[in-house]
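Comments concern the structure below.
Order of writing sets the labels: A, B, C and D. Residues in every chain begin at 1.
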Amino acid sequence: MIRAGIVGYGYWGPNLARAVAESGLLSVEMIADRSAPALERAGRRHPSTRMTTDWRSLVADPSIDAVLVATPVDTHFEIALAALKAGKHVLVEKPITDKVATAAILVEEAARRRLVLMVDHTFVYTGAVRKIAELVSSGAIGDVYYYDSTRVNLGLFQRDVNVIWDLAVHDFSILDHLLTARPVAVSASGAGFVPDSPENMAHLSIYYDDGALAHLNVNWLAPVKIRQTLIGGSRRMVIYDDMQTSEKVKVYDRGVMAGECASPSRESLVSYRIGEMSAPVISSREALVTEMEEFARCIASNARPITCGESGLRVVEMLAAATRSMALRGQPMELAPERLAS
Amino acid sequence: MIRAGIVGYGYWGPNLARAVAESGLLSVEMIADRSAPALERAGRRHPSTRMTTDWRSLVADPSIDAVLVATPVDTHFEIALAALKAGKHVLVEKPITDKVATAAILVEEAARRRLVLMVDHTFVYTGAVRKIAELVSSGAIGDVYYYDSTRVNLGLFQRDVNVIWDLAVHDFSILDHLLTARPVAVSASGAGFVPDSPENMAHLSIYYDDGALAHLNVNWLAPVKIRQTLIGGSRRMVIYDDMQTSEKVKVYDRGVMAGECASPSRESLVSYRIGEMSAPVISSREALVTEMEEFARCIASNARPITCGESGLRVVEMLAAATRSMALRGQPMELAPERLAS
Amino acid sequence: MIRAGIVGYGYWGPNLARAVAESGLLSVEMIADRSAPALERAGRRHPSTRMTTDWRSLVADPSIDAVLVATPVDTHFEIALAALKAGKHVLVEKPITDKVATAAILVEEAARRRLVLMVDHTFVYTGAVRKIAELVSSGAIGDVYYYDSTRVNLGLFQRDVNVIWDLAVHDFSILDHLLTARPVAVSASGAGFVPDSPENMAHLSIYYDDGALAHLNVNWLAPVKIRQTLIGGSRRMVIYDDMQTSEKVKVYDRGVMAGECASPSRESLVSYRIGEMSAPVISSREALVTEMEEFARCIASNARPITCGESGLRVVEMLAAATRSMALRGQPMELAPERLAS
Amino acid sequence: MIRAGIVGYGYWGPNLARAVAESGLLSVEMIADRSAPALERAGRRHPSTRMTTDWRSLVADPSIDAVLVATPVDTHFEIALAALKAGKHVLVEKPITDKVATAAILVEEAARRRLVLMVDHTFVYTGAVRKIAELVSSGAIGDVYYYDSTRVNLGLFQRDVNVIWDLAVHDFSILDHLLTARPVAVSASGAGFVPDSPENMAHLSIYYDDGALAHLNVNWLAPVKIRQTLIGGSRRMVIYDDMQTSEKVKVYDRGVMAGECASPSRESLVSYRIGEMSAPVISSREALVTEMEEFARCIASNARPITCGESGLRVVEMLAAATRSMALRGQPMELAPERLAS
């Protein structure tokens, strides 16, 4: 049993604590939060767990094997670095940090100490995304042409983070997991409609070195909640609709074929293939529990997690580049080729 | 009764001819097409109409008051200009021409001769768009913050025109009709996945001088047909789903209000307003017939049509700028301020 | 080429005439209608067809091989009988007649004269129903447990026919085609909410000799149009939603298995099987044209059509029994075992 | 604070206990269950509550004001009667009992002792049903013509109760709440497709003394979950779709008007009214908590609850009559006029 300490018991920490407990592979040894009422709530749900208001004492505690960080993003770096330096494996809520430089330091520190550094990119562990990843890696999709995601809803506006860092982060982590191609540039447009508030709407285009194009539409000010992703491939196409209770993933055996021009009409360049649609069975296992199993597996076998620190760093690079492009009305930002290998 | 001549009886011409006949305000005097089988088809449906293979004789015919042009886009300029010079009122299929310069010449020629020059931006005349225009102009929407349109389907790939000129043209004409703000820049990303074929997928962001942002997602290679537009305003928000047989337009009494921060939490910047949704009654009158009535009204009263030549020119400016931006991976294109007044 | 005469050119006759012409296997030789304007409309669309206001002359015309009857239902019997007696093959709009006795006479007359008698149960020829029939006959569905159809919309109220004869007739013909089991009883409930108008809402249950149960929900006074049928089988289940433009038929690899009681809980009687859903490709060929091909095939080869006179008679038996049951608040009506063989 | 004792901590008891605690108006004083593990689970969630394996000691405990019964339905009568005889107010899980006779005894006992007897018909307390009740009672719907509910899904099969007692019970309680008309007869059809298992599919028609017709379609063997109710009225119509996360209730300003026959066509009996659709704001307050407030209010003020014992008795009468009709293939069952007043 891996003994886990959780830093931060606000919005997301309780979910991590519960998933740790349910995994059966890690135990909730200790919880740290500055707020006494938060610790009281934690105590009711985890009566045998030690509580502290001082995260440094948790990080320093010799009985702790792994630290899970669920604090505001601007504190991730300090806490995660301290935990790594104390020899703990670390799981950090997304995004890993708020700057490329600090994310890179965490990655290096974990590598040097041969510790597991993992980012809580939860969507990657959902049954739907795992099924799509299987379809991509098995070749069922063929070459991935595009990934086109709409992730909009009404609120919640964040005080200090724009909508890219809040919502696009999910798609960047999914893209990092699904695609083997390398992103080479990003162009983003956005706007904010609430005074003194960061951008609440953004559209991002990501160019890949194999010609694929990803697009993310994120918005905190939409009348309804939409979570829909179209994925186009040379063999099949996918619609992933996370608002559906069943049939979240639909696979379409459809596409175009470049071909001979039968007639000289202006529309006869290509022919179409229209085959069956199918909705595969999706695992309903809770993503967070699957994620905890991955964390435990990597700690036990000294393996690199699916959502490793490097993937977290790549996601932050994308978030930062997109934010820069957005400030320049879509000016494309080239992405450095010397990115860390996956 | 206005005597109309139709040039081009291929894909779209028959629809124009039928709408002319059904309007009761114009008559189908003459039809021109180079193809004999096309004229034969035309003759069966319009037995009392004169047919010709020579559009120049139609344009020159003194019995014709108005010319409707439904030929390939690269021939629009020559035919429309000849018709104007012959003193005819002109309705041109969208887009008005394939270049800004030629569109501007048509606009000037029509103005000089005080003839009606109208573009067949059909969507502007649908019951749904007319209802949305009413909601915007009445103030029910409040300030328009954004217009976010998804217009994707499988095919038809065009031989010589990219997806922007084929699909985004609809949204540009709707935007030109709905918004009073001036577009100041456009950024576009796109890709083509069929060899030797123009771009089949594009994302366009249009910046307006009042801070509004429009976004268009167009794609010929999507597994299903989606025609969905979200419009966000300071008072209400709209979802326009053209694939619905009923309830195409839904109006949401929802939004955010910047306000006092009750608690110091990171998510409490704004408060939300969640009110009723309503789907107003939409006229089911056919758009093309409404459009013919507008054409007849403007000819009779020497008025400027809703989709006048200037609006057609503005749409071509947007299409051209977006295509340039797309070639430069989203590099924003500034739009000249000295655009023609609406 | 089979020479067809069409009696009745009101609401449905023009569709029959068009399908006859498009089939390429029959020709529209003659059209009869009492109304001069109707014949004028017919003449414009079928310029080489002879027109008459006297259906008897059409039926008697030696140049006619087959008569299609698209007149009000209370005239079907007289016209169809006359046509059969004149040695013509006959296709009658649904329902075949308005009484069991007259339907039986037509069936006997056609059998005696070895003429094709077919009913225009159009739905049976749609791509969707043909696909479902294939799924049933191939064993993919397994034993059919139930057929549960909802067929509701707003209007059109009929003057002299209740909603069962107008809407349930479609499901009865589909059931007659899909199922090999014999219906043994029917129970129906209904109500009319418009004064001096027949019942506009009805619910029908049909019991089959193998234990299957069909249910039809028909209503002229629903706020929206619903055309949805659930079909449950021992192996698979189907949802047929005719309002969908694509994916009209969805096949679910789902069901229950009676099994051992693992635990003594009250809910553990059965276990569930949840597999993939798939939407097969459905032919988009127009049903009426397919139907005309079937008519021509049967005339040419002296074969019995899928929707033969006997099936039309069985449908009328069901309609009549359901109407009787409805008048008695669901009192079940036994169906005679000596029904005509399929 | 009303001191509540809960008998039964299996499937539903924990929900009742939580709602009691969240109401702030009742306290969870005591929980009884025969199962030690159940009591252990209860103890973790309600650490200050007394636990017992003997429901009789709970019922007899002088510190208890009210007893909530969440045991199997065949034990409701004995426990609820004992509680009433001990002077406790009683809330019983639905259905109140499994026989009309025992339900009537409970109602009489509560009336004699002036104690609150309430049934846990939870749906009546949902925001959606409360909104619909408001629309009916305010006259917005006009005369209610019909209530047509589809409540189907895959499982769970019950061991000893047919699908009517499991699913139709919800609609009967909603109908009892919504309608002021008196049900006069019921006709039901059903079938069971799993050997040695009760009926898993049923269709019920309920006739009202004002001509209204209700219909319930319940099924444990459907491929997908459907929870959809159409309500037709003389002024407006409603669609209540409980599977929607938003817009559960849609109100259609649509209907028919009997009128003059403009033309002698067979379809011109009535004219149609097609107005706006609107989706009102629905309270998202949890139904069970609202229900506990109602229980507390009635105890405090000696009032009759919305879902009083009499309504529970009327629901059982309907369930029993429908089950009898189902055994006779839809034979209508008259309902006694001398039912208890609401």
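Rule of thumb we're sticking to: contacts are C-beta pairs under 8 Å (C-beta built on N, C-alpha and C of every residue); 3 or more make two chains touch, one makes a residue touch a chain.
All figures in this text were calculated on a predicted structure; none of them were measured in a lab.
A.B. asks: Could you let me know which interface, A-C or A-D, is made of more C-beta pairs in contact?
C.D. replies: Result of the comparison of A-D and A-C: A-C.
A.B. asks: So which chain is the furthest away from chain C, centre to centre on CA atoms?
C.D. replies: A
A.B. asks: Using mean CA coordinates as chain centres, what's the gap between chain A and chain C in Å?
C.D. replies: Taking the mean C-alpha position of each chain, the two centres sit 53 Å apart.
A.B. asks: Determine the centre-to-centre distance between chain A and chain B, using the mean Cα coordinates as centres, and give it in whole Å.
C.D. replies: Going by mean C-alpha positions, chain A sits 39 Å from chain B.
A.B. asks: Whole-Å distance, chain A centre to chain D centre, using C-alpha means?
C.D. replies: Averaging C-alpha atoms per chain gives centres 43 Å apart.
A.B. asks: Enumerate the residues of chain C that touch no fewer than two other chains.
C.D. replies: Chain C, residues with two or more chain partners: 224, 246, 274, 277.
A.B. asks: In the complex of these two chains, what residues of chain A are touching chain D?
C.D. replies: Residue list for chain A touching chain D: 224-225, 243, 245-246.
A.B. asks: Using the touch definition from the top, list the residues of chain C that touch chain D in their complex.
C.D. replies: Within the complex, chain C contacts chain D at residues 72, 145-146, 148, 150, 152, 154-160, 185, 187, 189-191, 193-197, 201, 203, 205, 207, 211-213, 215, 217, 219-224, 230, 232, 234, 237-239, 250, 252, 254-256, 258, 266-270, 272, 274, 277, 325, 328-332.
A.B. asks: Given the complex with chain B, which residues does chain D contribute to the contact?
C.D. replies: 246-247, 274-281
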